[in-house]
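Note that subunit A is present in both complexes that follow, paired respectively with subunit B and with subunit C.
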Partner chain A sequence: MPRDELGILSEIKRSYIMRRLKEGKRSDDRNLDQFREATITPNYIVRAAGSSMVTLGKTKVIAGVKIEAGEPFPDTPNQGVLTTNVELLPMAFPTFESGPPNEMSIELARVVDRGIRESKMIDLQKLVIEPAAKVWIVFIDINVLDFDGNLIDACTLASVSALKTAIVPASSIGGKDFTVPTTCTPISVTMAKIGDSLVVDPDLEEEQISQGRITVTTSEDGHIKAMQKGDVGFFTMDEIKKAIITSSNVGKSLREKYFG
Partner chain B sequence: MMKVREIVLPGDQIDLQGAKARYGLYKCGEGQFCSEYFGVLQKSEQFVDVVPFNGAYMPRRGDKVIGKVIEIGPSMWITDISAPYTSLLHINDVPWRTNAGDLKRYINTGDYIYAKVLSINEINESWLTLKDVGLRKLEGGTIVSIPSPKVPRIIGKGGTMVNMIKDETGTRIVVGQNGLIWIDGPPENVMLAISAIEIVKNEAHTIGLTDRIAEYLKSKKGEISGNSK
Partner chain C sequence: MGTVSDIKLIDEKGLRIDGRSPEELRPIKIETDVLNRADGSALIEWGGNKIIAAVYGPREAYPKHNQDINKAVVKARYNMEAYSVDERKRPGPDRRSMEISKVISEALESAIMVEQFPRAQIDIFIEVMQADAGTRIAGLTAAAVAVASAGIPMRDLVTGCTAGKVDGHIVLDLCKEEDNFGQADLPIAVLPKSGKVVLMQMDGDMSVEEFDQATGMVMNAIKRINQIQRDALKNKFETSTGEVGE
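Moving on, here comes the complex of A and B:
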């Protein structure tokens, strides 16, 4: 499908999106706070410790979890280790290139990581084999297969659902396999600012004309676990407050719908 | 189950039944022809074609296409017509009197134009022109894209399909040979036209499509007008 890979959004599409937003609708007939239909396929990769494929509209990502025994960080001897990595595959979008991670994939990995880490979704203290010597290291590797906007939320959904099914291979060191100890379900909700509106789950065209992006991750208790402001642009205090409320409402309904 | 046209794979031998091989076929033996693409077989009395399911658009002289201006040079606009190569529109080929260096005033980057392919050479450089009836800069509306091999189905026999979508939805539609489609009209009608085009795109290989689209549009149109009253 030919898309705006050259980064030049057409004036026609921009004015169409703006015109529809004035009526309170999006270019694809969604409401401002409506997510695209997501499908989550847990255990997509049979041989991984945990995995999940998520499609969000035409965006498609696969998350894989690998769990290995290793050394803890010296400052946290009584905790397991969590690392997140995102790979933007060249087949996902015309401008994605192979090679070392770029700004976009680093930001993506860090925001996803922050949501999972700061919500304490994984109980890292239960992943210690021998304090200060041997702990379980959880690797989350996310591959972006198709890009049509809002990678942050797709990647978070994929990571969370992959972690929920992940199994720690303790039998390899003489123990008994157990599922990764999880405590909550963090859900990130990304909004793009277009004109005066905040649109939830922006697609590619909306991302291209956005005047700022804000991501808020919440957990079941409604607490804010992570936030990230991206792109060039600014948010007023009221907009940030609105973003937080929207995020917790949308996050709640997503949690019930996909992890209920 | 919908009736579908015959689907062929690359290398499938095709029984011509006395007709001539035309597009998408190659000779694979004495008097034998095979399919070049994964697509549907189209047989008429005289010719047999294989219409691929997907593929890049290659410009041909005389095609009317929709292109996006991506860059402006001193004397020409560089446009993306969703072909492997960009296409050029020279200031001599627009209907306005323009001065070199002042091209932005007429067409800016990000604008869409409905243009005709003026010429194409052996290294795939192509030139567009706006000097013909109906060719212009597109303003308002929205753009959707479909694979270019499916354009003939959107247009239909003698324009039946696109005219029906236009009449039933009350929208203005311009179809470019390169698979870009411009639609203008009231938003709910545009959404309906887009959904109809989506169906044509996904069911391009089936038989009796025009009737099904007519039915679909009639049922949907009832809903829309019913809601507004």
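Moving on, here comes the complex of A and C:
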């Protein structure tokens, strides 16, 4: 979590958040398991094969998908390739710097990637042009424009939504364009631990006082597809089991609300 | 995860490809103070994994803007040698190793009493010399011993273990084939006295019931692995008495 002169929460703010949590409410009046309102704008960038701009509260990210023909990995000759990259743009936060990806953006990209990959959202076997020689490579590039907490879920929402509209440019090699074959809708739900509470979709202030973060990605079948515990701190096994159930429930309602 | 294969990973008797039963760990051996210069170090051999962890510090954090006026900064670096895997790994940090370094640093910082060392830095170097699945957990388990061996105050050791899903069965401590061709991988590290989870990642596919079964297995195994860590640390003091005044 970046901390700078803006990042250090005042004691007054901290005790206010803690006091509200005791009443079962958040500083912005949300319930503990309530997501901020998200706006999803698919096809925001028409030059991309697929794209989506997502705002989650005051967090704003854009995911763009590009699809190019290329070589498969030697160990998966009959599968297309998926790569995910996140850039934390300097405009998004005072301490974000341009330059090579740092560990925060790498972890973020890998957790987003894992949810999409392990849920098998994209049917990579249908992205083979010529086995062992040529396949479609799906590049997801995510740019963070405005940072107010919970980038993992904002980036996952943006990627999933961008993939759902993405077109494979098969006409460029003499075929017919087709939409990216998708099988399910993975939803990640991130929770921060504050005191004894788990709060869903933490904003920046909540992330700054949190004592641990946990992300659980589920798909329609309710199974866990990816998980990540992050930040310094710990969770009890009971808290983790609670987080899994919360993620599954919240994920279900988000799926219906935004992709139903 | 999820690479399709024809290899049968569990036989009719329920035994695994390397002959283990579902809840059987691979052999684990830990030795402390294998290096001279470092403030603390440990070598772990876990199945085919051979990993050295070394600790420097607490020492002044540098560059200075990295200092934290309230606590020590814990910086772990997980690195795989080029020759540690079948196909040569390009040396230097990659995205996977940077992520692992981050989650290991966070797990160790949860155990170390960092508040006692403001403005300081504790460096932990983890070198994977031979990799055989479960390297992050083996590296972290060794690193915790190295930190303790360096005399750095800790709330508890950190002990890790992996569970996973193979041919539809939940098994403990995946080996390489199971890691490559299994259906889920769940590395967990805890503070063993309290059972608090300080590292957890998962990829693959698991139902909630399977997750419960896997974590139950891991929690049992943690006790055994923690004993190996403690024995290694005890052994350090029992064997070093003879060298006093040398």
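Assorted remarks:
In the analysis below, the second predicted complex is superposed on the first by the 254 of 260 C-alpha atoms of A that agree within 3 Å, B and C clash if a C-alpha of one lies under 4 Å from a C-alpha of the other, contacts with A are read in each partner's own complex, and residues count from 1 in each chain.
By definition in this document, a residue touches a chain if its C-beta (ideal position, glycine included) is under 8 Å from a C-beta of that chain, and two chains touch if they have at least 3 such contacts.
Owing to the predicted nature of the structure, the values given are computational and were not obtained by experimental measurement.
In the superposed model, A:37 lies in contact with neither subunit B nor subunit C. Looking at the shared chain after the overlay, A:256 reaches neither subunit B nor subunit C.
Using the contact criterion defined above for the overlaid structures, shared-chain residue A:13 touches subunit B, although it does not reach subunit C.
Touched residues of subunit A were counted for both subunit B and subunit C, and C has more of them. Looking at the shared chain after the overlay, A:118 reaches subunit C, while subunit B stays out of its contact range.
After overlaying the two complexes on the shared chain, residue contacts for A:27 are found with subunit B alone; subunit C is out of touch. On subunit A, the surface touched by subunit B in one complex and the surface touched by subunit C in the other have no residue in common.
Touching subunit A in their complex are the following residues of subunit B: 68, 70, 80, 82, 108-112, 138-143, 145, 147, 179-180, 182, 187, 191.
Within the complex, the subunit A residues that touch subunit B are 1-3, 6, 8-16, 19-20, 23, 25, 27, 29.
Within the complex formed with subunit C, the subunit A residues making contact are 75-76, 101, 103, 106-107, 109-110, 114, 117-118, 120, 214, 222-237, 240-241, 244-245, 248.
Listed in rising order, the residues of subunit C touching subunit A in the complex are 1-3, 95-96, 98-99, 101-103, 106, 109-110, 186, 190-191, 195-208, 211-212, 215, 219.
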